[in-house]
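Chain naming follows the written order as A, B and C, and within any one chain the residues start at number 1.
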Amino acid sequence: MFMPSVVFIALLVGIPFVLAVLYAFSDARIGGTSFHFVGFENFRSILHSPSFRKALQNSIVFTLCAQAIVIVCSNILAIALEKPFRGRGFVRFLILLPWVAPVSLGTIGWKWILDSIYSVITWVLVALHVYKPYSAPMWLGEPHLAMASVVLVHCWRLIPFSTVIMLAGRSAIPREIPEAAAIDGAGFWRTLFQINIPMMTPILSVAVLFGIIFTFTDMTVVYILTAGGPFDSTQTLPSLAFATGIAGSDLAAGAAISLFLVPVLVAVAYLMLRVAHRAEVV
Amino acid sequence: MSARGAARRGAARAMHVFVLVFFTGLLAFPFFWMVIAAFKQNIDLYTVENNPFKFNLPPTLDHIRLLFGETRFVRWLGNTALVGAIVVAITLLLAVPAAYSLTRLTGRWGERLGIGIFLTYLIPPTLLFIPMSRVVAILGLQDTIWSVVLVYPTMTIPFSIWLLMGFFKSIPKELEDAAMVDGLTRFGAFLKLVVPISVSGILTVVIFSFTLVTQEFVYALTFISPESNQMVGVGIPIFLVRGDVYFWGSLMAACLVASLPIAVLYNLFLDRFIAGFTVGSIK
Amino acid sequence: MAIVETRKLTKVFKEGELGAVNDVSLATEEGEFLVFLGPSGSGKTTLLRMIAGLEIPTSGEILIGGQVVNDLTPRERRIAMVFQSYALYPHLTVYKNIAFPLKAQKVPKEEHRGKVEWAAGLLGIGKLLDRKPRELSGGERQRVALARAIVRQPAVFLLDEPLSNLDAKLRASARQELEEFQGQIGTTMIYVTHDQVEAMAMGDRIVVMNFGRVHQIGSPAEVYGDPADTFVATFLGSPPMNLVQAGDLIVGFRPENFFPVARLAGQAALPADIRIQERQGPFVPLRFRISHEEYLGADRITYGLLEGDRFDGTKVISRLPAGQSASLPSGSLHAFAVAESDLRFFDTRTQVKSAAKPYPWA
């Protein structure tokens, strides 16, 4: 009874995956019908291209920065949400909005918040006299600020997801263990770092690994927020692949760029299997 | 209770409240902001000196009227709903039997195939979209909603199978054996016994698949060009911008209308999704 | 070593409802093994947790070593606790588990090994120091929990039903080890259990609780032989004390004090003969119709009804050593008796011990 699904997936995932590899070694273009193998030509040219190298660097940097921030914030938030309080359900709903709303729409919201002229952040900073009117930086217009904005939006999206997973992980720790630690003399920080977090390692790993995937393979945030600009400073591998392959009609180069996602995905998949395996052994 | 104990508890409380207010504010702010922008008159919206937090001129329904009357917004909502419904149906049709038979498969193969299927969920659209666009073109589905109807199940089915396997595993085999002793065939037992018990699991799959359709961006952007056939998640950022001009009021209204119902729906089933994500790491 | 004292301690979880612990005042003695005994929901665990600092009292005071500790965190109270599930840190080795309190209290690292090995030696787990908790048996885990508790040399030990997770056979030997352990170290121990056999075997004194209230505090002999009310009377002892309604009073007598007076065929020494010699004073004759009996090897438990105008129809139980009793056929009627000195009286309305005696006694 599972054959239909397996066949469906094998066809519609397996074949495109193989095609992606084939394209990367070809000269395919949108609209054209030519298809010749060109060996490693595509890879050579993109590896020489500075925008590719920037995109690769960005992909890695954005992902790592976002994950670091998300882990810390979601831990704090999970601790705050643990004990029941009045209105907790409503607070949870609000906190989850970034994750449950469609990516593109949340990102547009941020685009409006970070708008170069009408940004509410600018308004507040001007009102606080941090900047003179009309002299505040362009949040999406200056390369470093734009990069920070992309990371910000990714964090904003991921914190709810991570928090919920952390909450699940914390609730799986039997109540008596932190109590024993309290009686043994451990304070808040020692209990957190030496007891809670080590016991939550499987869950933490899952949250981190999924978070890495969501950030590393996302092109929506970049596409909508900055379109890769200014001057390609916020391009990431997926967004560059789209810009090159679809917008730029160079299917082959686009495919080659997107293949660079594979090593990271393989590593993540391997680590996830390790975590799942360990969980069963314990 | 002495002052010292009360003071210590008071400080902890204050910290607690601060953390909650800070994060709730940060995370929910953009949506609050959407609400304000959606109802502000353009003059108010685009005057830099005005305090953005209040309505300096009375609120207006103009943006909403524009959105529903002069754009294809309603059409996009309809497209998305239709695609969502069909994809949900396809997913259920394929994933439910698959999950069931994989769970009941004796030996390690069931587990292995299950994990293999789950791993395909890790292959992102941003890797496959380029060759997929060619496949879609060859099949003649380019620029129609059927392109995504075909492709979205590749994303919903793996995760759904994984979710459902978790559910079916918790139904003891003895229940079905008893039903078969009572005269049902294995398929009859499945239909009359397993499915009703797993209603919440199946509901979770429905919600998950539907929300995935609404969230998806890359495939819809790649496969569908004409405005009237587009999904709402792509239509809003692409087509509500005329040239370089952003109609922020209508844009925000659109985001709000499209996000909130989905958010409510997803929220109701969150705990089950998390169970699926954590791959049984929590016992 | 310290005395733990509570003064009018109350804990209410939900406003308007009966508290989990109501107005409890008690004090341990130096170095004693004090048992909190009661059924589930009696508040004994809540009481223990308040002493530990894990629950905040609604009102009342807790004193350790003469100092009010209400505002002190658990770690400031110098207590050690063993949980029902032992709460061993699963990701740490046995050594690290035992060393954890030392680390937390910032004891210099050089001293760790000595102290851990001392505690492990005391409990005979020296060989297990490199294992992880999941590799240990239930009994071994309990010993690790005890080692972790003793390593900081606390003033008071608190134990929350530590034997209930062990299977029956292990429980008896673990109980013995615990008693020896306490005797060795001499620290004041407060032990929570619902098992009255454990309480009687281990406790120097027992605090009998129900619905958050203390019913009686006394030595095993006191709570067993001289119960303060019908709850204590029936909670201790298995089978429970026989209670017979006599107007304003309830008359109680233990199954082992209820025996036949006429010599029955095939019996060597009559229990009555032995008991009459042991006790002075009058006996109360009762007519006992047998319904069924249980032969337990060492004991024989006989169930039946009293007959006679005063107590007709009351269900009572007799318990005698199997060697000193005979199997009585179901449905037969026999002359049984209880020594008057073995009778206990309780007021019908308040259920509390009463000094009055029903008169005339017939």
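Convention: a residue touches a chain if its C-beta (ideal position, glycine included) is under 8 Å from a C-beta of that chain, and two chains touch if they have at least 3 such contacts.
Note that the structure is predicted; figures quoted are calculated from it, not measured.
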Identity of the chain that, by mean CA position, is farthest from chain A: C
Interface ranked first by C-beta contact pairs: A-B
Whole-Å separation of chain centres (CA-atom averages), chain A against chain B: 16
Inter-chain centre distance, chain A versus chain C - centres from mean C-alpha coordinates, in Å: 58
Distance between the centres, which are taken as Cα means, of chain C and chain B, whole angstrom: 57
Residues within chain B bordering two or more other chains: none
Chain A, residues touching no fewer than two other chains: 282
Of all residues in chain A, those that touch chain C in their complex: 174, 176-177, 179-187, 190, 194-195, 198-199, 201, 282
Residues on chain B engaged by chain A in the complex (per definition of touch): 16, 19-20, 23-24, 26-31, 33-34, 37, 45-46, 48-49, 51-53, 94-95, 97-102, 113, 115, 117, 119-120, 122-135, 150-151, 153-154, 157-158, 161, 211, 214-215, 217-218, 221-222, 232-234, 236-237, 246, 248, 251-252, 254-255, 258-260, 262-264, 266-267, 270, 274-275, 277-283
Residues of chain C defined as touching chain A within the complex: 52-54, 73-75, 79-81, 83-85, 87, 89-91, 100-101, 104-105, 134, 148, 152
Residues on chain A engaged by chain B in the complex (per definition of touch): 1-2, 4-6, 8-9, 12-13, 15-17, 19-20, 22-23, 28, 30, 73, 76-77, 79-81, 91-98, 100-110, 112-113, 115, 117-118, 120, 123, 133-134, 156, 159-160, 164-165, 168-169, 172, 202-203, 205-206, 210, 213, 217-220, 223-224, 237-238, 241-242, 245-246, 251, 254-255, 258-259, 261-262, 265, 268-269, 272-273, 275-276, 279-280, 282
